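Okay, handing you the structure first.
Chain naming follows the written order as A, B, C, D, E, F, G and H, and within any one chain the residues start at number 1.
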Amino acid sequence: GFAKVDNHRELRNGFAEVIYCAGKTPTQVQGIVQVMRRDGASILGTRASKELFKSVRAIAPEAVYYEDARCIVIDPKKKKQEEPLIAVVCAGTSDIPVAEEAAVTAETFGYPVDRIYDVGVAGLHRLLGEMPRLRQADVVIVIAGMEGALVSVVGGLVDRPVIAVPTSVGYGTSFHGITALLAMLNSCASGVTVVNIDNGFGAAYSACLMLKMNERRINH
Amino acid sequence: GFAKVDNHRELRNGFAEVIYCAGKTPTQVQGIVQVMRRDGASILGTRASKELFKSVRAIAPEAVYYEDARCIVIDPKKKKQEEPLIAVVCAGTSDIPVAEEAAVTAETFGYPVDRIYDVGVAGLHRLLGEMPRLRQADVVIVIAGMEGALVSVVGGLVDRPVIAVPTSVGYGTSFHGITALLAMLNSCASGVTVVNIDNGFGAAYSACLMLKMNERRINH
Amino acid sequence: GFAKVDNHRELRNGFAEVIYCAGKTPTQVQGIVQVMRRDGASILGTRASKELFKSVRAIAPEAVYYEDARCIVIDPKKKKQEEPLIAVVCAGTSDIPVAEEAAVTAETFGYPVDRIYDVGVAGLHRLLGEMPRLRQADVVIVIAGMEGALVSVVGGLVDRPVIAVPTSVGYGTSFHGITALLAMLNSCASGVTVVNIDNGFGAAYSACLMLKMNERRINH
Amino acid sequence: GFAKVDNHRELRNGFAEVIYCAGKTPTQVQGIVQVMRRDGASILGTRASKELFKSVRAIAPEAVYYEDARCIVIDPKKKKQEEPLIAVVCAGTSDIPVAEEAAVTAETFGYPVDRIYDVGVAGLHRLLGEMPRLRQADVVIVIAGMEGALVSVVGGLVDRPVIAVPTSVGYGTSFHGITALLAMLNSCASGVTVVNIDNGFGAAYSACLMLKMNERRINH
Amino acid sequence: GFAKVDNHRELRNGFAEVIYCAGKTPTQVQGIVQVMRRDGASILGTRASKELFKSVRAIAPEAVYYEDARCIVIDPKKKKQEEPLIAVVCAGTSDIPVAEEAAVTAETFGYPVDRIYDVGVAGLHRLLGEMPRLRQADVVIVIAGMEGALVSVVGGLVDRPVIAVPTSVGYGTSFHGITALLAMLNSCASGVTVVNIDNGFGAAYSACLMLKMNERRINH
Amino acid sequence: GFAKVDNHRELRNGFAEVIYCAGKTPTQVQGIVQVMRRDGASILGTRASKELFKSVRAIAPEAVYYEDARCIVIDPKKKKQEEPLIAVVCAGTSDIPVAEEAAVTAETFGYPVDRIYDVGVAGLHRLLGEMPRLRQADVVIVIAGMEGALVSVVGGLVDRPVIAVPTSVGYGTSFHGITALLAMLNSCASGVTVVNIDNGFGAAYSACLMLKMNERRINH
Amino acid sequence: GFAKVDNHRELRNGFAEVIYCAGKTPTQVQGIVQVMRRDGASILGTRASKELFKSVRAIAPEAVYYEDARCIVIDPKKKKQEEPLIAVVCAGTSDIPVAEEAAVTAETFGYPVDRIYDVGVAGLHRLLGEMPRLRQADVVIVIAGMEGALVSVVGGLVDRPVIAVPTSVGYGTSFHGITALLAMLNSCASGVTVVNIDNGFGAAYSACLMLKMNERRINH
Amino acid sequence: GFAKVDNHRELRNGFAEVIYCAGKTPTQVQGIVQVMRRDGASILGTRASKELFKSVRAIAPEAVYYEDARCIVIDPKKKKQEEPLIAVVCAGTSDIPVAEEAAVTAETFGYPVDRIYDVGVAGLHRLLGEMPRLRQADVVIVIAGMEGALVSVVGGLVDRPVIAVPTSVGYGTSFHGITALLAMLNSCASGVTVVNIDNGFGAAYSACLMLKMNERRINH
């Protein structure tokens, strides 16, 4: 009785049900999973430790764990063809957990992802070398910590919606992601919108909504 | 010679050229307009005072001024049919200038806009009464100052991408829009991305990129 | 001799004596409890760990521990009838510890509580479905983390005093409750007052003072 | 058509309609006043300049202006008897405008006010000398800038709900009221709730809701 | 060779040598103590854990440890008569460690201390009951966390220099002492100066300099 | 009737009555001056514009205006001999208004002042050249903006109480004095206490209390 | 007598004397100029209005005013040959005043400057097109507001010391240059050091010291 | 495949390859080291724990660990003669880890270092006693926590580029290095540039670029 599961969601948008696992006990998560499965929903659990995954698998043996992403996935949508495509771009290896949270979320919701990692602007040739892949994307998620300059450079190079995710990577005046967040909000490139620090999930959710709106219009 | 006009933009994305007029002298803006017109570009000038508009009109008589939006528009794209549709939603009358900056930007770029103003959550019936219009939208821009709660409520009610614009409306601890910004970044509704304080232009630019990506895919 | 127990309080307002246990040693708390019990006071200990409770029970066997609320209660007022009623409303399951601190405080001081939990605005139907219960309340305590939008929505729906408690739930720019606090201070709904982050006790104390003022006037 | 007047309010809570005049043009305020008067509502306009008042008086000759409070009042509730009583307490002469906004609001809503001004804690005898008046109050609004210590002292001396209003009075690290706000949120006295900086209106609104809830219960 | 011991200090001001032990290894502190003792200096070590004390006692058996104060003292000045007198006043039991750092520092430097603890303003009678002791003091050190109101009340009641020490006691918006610090800097009482958060040592050092200046002038 | 003049002060501490003129109307200040003069008090008005001074002189012809200090003085204590001496030290010419507020305050309260101006640490020889004067002082007030390093250097060179006053001089990250304030609170020199930004008055008041305490002890 | 002119400087480093004119009266600046000219120094006045310049020219007819830079120059060093070379790079036209302060300072101190303006990263081709000029520089000063990403891109492309100057250009969360400053301090490119917001002078001063150190070693 | 090693760097600037080890797993670091060694690069690993070093030594037996500096070095450049010289100056013993990170970096890149430690301004004679060594330096790195005043004093005494490194040493309002950072950005001494908190590596990198630019010009 502790949580009111919102089982309208999948009906409305066709995405999986999502459980934000941080700060929930194994018992609480198990309870929510059980209610959701009864409704036949596919399920995504974010911010989940490996221990939590084990409790979930005990009651839902088909559950899969993505370690870098810290995500539990139950019965995801089957991956679509090559298109529409979400590029997930990140600056450094420390940003990969956030990038993977975004990528796994998008894939669970049924959209293919192109991972373009470790292309920070300090060595610009790395990013420029990936321009052909970047240009294939319909939506671009850019993930960076420290000063977040990658967002402005990517935003200037592509004509697609850019969703920026600041990460808490850095030290001293990186202020656990605040500097990257502020830089992204003030990007001199147009077409950039921003989500909370380390919120890979939220970026992917928004990207998928953009593509789904798109589909609705095509099918219309 | 003071500014390097970036005349690649319209080629790339088919949008008008944009001049951010704040802090530029009339002479600087006139110079930029002249170069752009030579290339036949349609032009949007934001953050423009009425005085600045007069200097622009002196050299470009077809220029139009939108007072609430503080925008100058030259030769906009002809408005398309009813679809795809951007809803611009705002909480109070003080948010209207930012809302109009967004609306005029989107219309100048060729997308129709539905303005749903003064529907702040303190009187929830006002927003709920507009649900039919909200449901027609392909993308929703939500504009609010103070505590920005409108974003979370709208985000929970629609299944479309929501772009949130915090405004500098409020006093004391509204901190000129920081409180609204933080609230929007922490929205409990999924599918919300955020732009800088008072950045109606940026929200509309991103909304149009989402719809244009859509068109490309339809034409594809 | 380390603490000057303020034994004027129950005389003045008829509430239990309160011990803020955070940062006090078991010996210190035992000492305070002993002095208070000598005066026959009922006692509420907040922010108490289970370990601390055990030390207290050793000298006061009638002590009861409320785990979620982290409260120790000794000899509370007997619960009154159905009225006057305090509604304790919270947004998500992570806010429950703060909500319980408020609820247990109010009950210890002798007022009945209606717990309306997990009704965050991302799924507005959950809150709207509880309107009948909300309308019964004489005072409403609203508890939320993240962007705290629930406060504005509740504040717009009821005509009762609303006491808002920001919680430290969230991550990144939730800044351990600062975002929720700022949002609540800037609520566009009138009739909202705010207490410190996670201060469920303080909200309930104020609610009880409002109801007691009421009683005095009735008896007058 | 620029504003959606919320004419449900007076029906619901019996208070006057309120217009927040800051940032509204004379024409906008006149328009709102005309709609409200058509419904026979009593009206309170806050943050109104003398110039704005003149525009309002032109269309509503019965309007009255309170200069210190910067409030316009049209057709207020007739003042009740001596009870229930709101004490408005302030620390220094610079806090008087905020105190008057609170006092005029409460009086417009029909509740009597006892003004206890210039009793800051630097000369404690001034406050202690007013204890008899303070003890008569049913609700106490305490208004202070700088370090806001008056709130804690009053909160320790009375057994009534205390609503604290930080003011932007001070310089340097007073940070336009942030220091007072933080001090009030951390008051060591129980029973204190807080509103936004300089928000005398909001404090009075909440105080009146407390007293009205009270009346409902008496009449019940 | 790692530290340049400043052995001019005792010559200049007659106080003990001081070692700030936080972040120094036992070996480093032992080394510094050995050099200082060679010069016959009396020594005060602040922010010292019990473990660190044991290493010091191993090479300086006359060393004494003050647990609450977390201070090591070697060969302090003999305590003078009753005068001049430093009052160390604190608001709550959680402030005692900082108060003791101040008291032990002053006593080590040769000045008598009157400890007036647990007299926070929420129960004003506790402070007013100690006025006779407060009036005896030549300098008053006031130590408080949370909203720090005690400083303004004491400052208004005495005609002596008041040194305010904010402590990191509190939660939420107490911001680990920042709120108390800001409140103290903005005290409406004249004659208050402030030191860093939790800096009991610094407050006592300044108090002793005031009294020593005094002595010089008497002996002059 | 707007202000409660605190006429206990001069009795208690023998200093002049002080009026903080900022934000008070000429009529308010005149009223306060008239009450105070009736009691024969000497008066210091700080933060007073030249215009305000003219209103005061109209009713108190003996009033004198100190332009740099922005102070009005009526009937000051006669200056004492050469001792005890307050040194007022400042870093740059822009700090002089704050330095003069301190100096005029001290002189009005009856203590002689040695002004040592424009000795910022960027040219250390300027400060070192004034060591003989610095060593004469009983209390040292150090006034600096920007990074406030002068405080630490002076604090290391003298064995007297140092009162540090941060000024709002600087730009960008000087944050109107916050940087200087923080630097002073963290001074590595012992014996430094701090007052609010630009608070020359408060520093002098505290310095005078230190010297008066001294006198009391001498006369004792 | 108000200012201690530091006439050691030119002797020591061979640069012009510098007057920071902000907040100095015309009389003060004239006085300082007169003392300096007596010593035959070349003089640079920064943050000087055109009005101030006129007062200076009245007593020093050879003075020249640089309007964009807001600098007064008297008798600058004669410009050297093409080397060593300082590149001054800026992102947008609004950054030009700060860029010019840097350029004029460097030229006054005797070093040639290559101005590379309006090459912000939103249109990366503009910067890449200037690589040949950038590669000629011995030191690079990069000036940008908003998110300051230009610094990281330049830092990654050159092997020279980069001095970053954040400007107060932007709005909302640009926080008058704080965002750019933080971004620059956290640049993922190595070899970047940072100065205060809008401090073009300081950047150029440091650049010249680097080149002068260089010369000393060559002549050695 | 997780990281794109940037093997252009040593070619371009002749420095060692650098690995920022914080937050990388031993496997990741081993992988990067292996790729780099294949190219024959010399390698510097910063922010490396002793455990991480052991994993590296397992695959690169010639690796050396500098414990204070927390650096791993493989095949450094051979140390040059006495010149050009970098002075690394620090205020207290707690700053030594950051100072050592700077010193080891510079030495690894081939430049000699003079370590001048524990010369904080509270005892100015310590710094003044080292002036002869300071005057030998070509570039000076100054490292300090707390209020960072050492930077301004050194900057005023030398005519060389000063690179300031704030450290996170201190407590309370030192805010983990922010106070020192702000102080350094606002230094009244010219010729100071600043890097991120605790960024000894970055300071040394910039110092080496200055000296290398120098060499290029000599060889030119």
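Here are some notes:
Keep this in mind: a residue touches a chain if its C-beta (ideal position, glycine included) is under 8 Å from a C-beta of that chain, and two chains touch if they have at least 3 such contacts.
Keep in mind it's a predicted model, so treat the numbers as computed, not measured.
Shared contact partners of chain F and chain H comprise E, G. Taking the mean of C-alpha positions as each chain's centre, the chain lying farthest from the centre of chain A is F. One of C-D, B-C or D-F repeats the interface of F-H: more than half of the contact pairs, counted by residue number, are shared by B-C. Shared numbers divided by all numbers used gives the overlap of an interface; between chain B and chain C this overlap exceeds half, so the copies present the same residues. Work out the mean CA point of chain C and of chain E, and you get 37 Å between them.
Separating the CA-averaged centres of chain C and chain H is a span of 52 Å. Taken residue by residue, chain H touches two or more other chains at 122-123, 172-174, 178, 181, 185-186, 190, 196, whereas all remaining positions touch fewer. Of all possible chain pairs, the ones that touch are A-B, A-C, A-G, A-H, B-C, B-D, B-G, C-D, C-E, D-E, D-F, E-F, E-H, F-G, F-H, G-H.
Of all the residues in chain D, the ones that touch chain C in their complex are 12-13, 18, 83-84, 138-139, 159-161, 163, 181, 185-186, 190-196, 201-203, 205-206, 209-210, 212-214, 217-218. Within the complex formed with chain C, the chain A residues making contact are 2-4, 6, 8-9, 22-24, 28, 166, 168, 176-178, 181, 196-199.
Chain B meets chain C in the complex at residues 91-92, 120-124, 146-149, 151-153, 155-157, 170, 172-175, 178-180, 182-190.
Considering their complex, residues 93-94, 96, 117-119, 122-123, 125-126, 169, 171-174 of chain F touch chain G.
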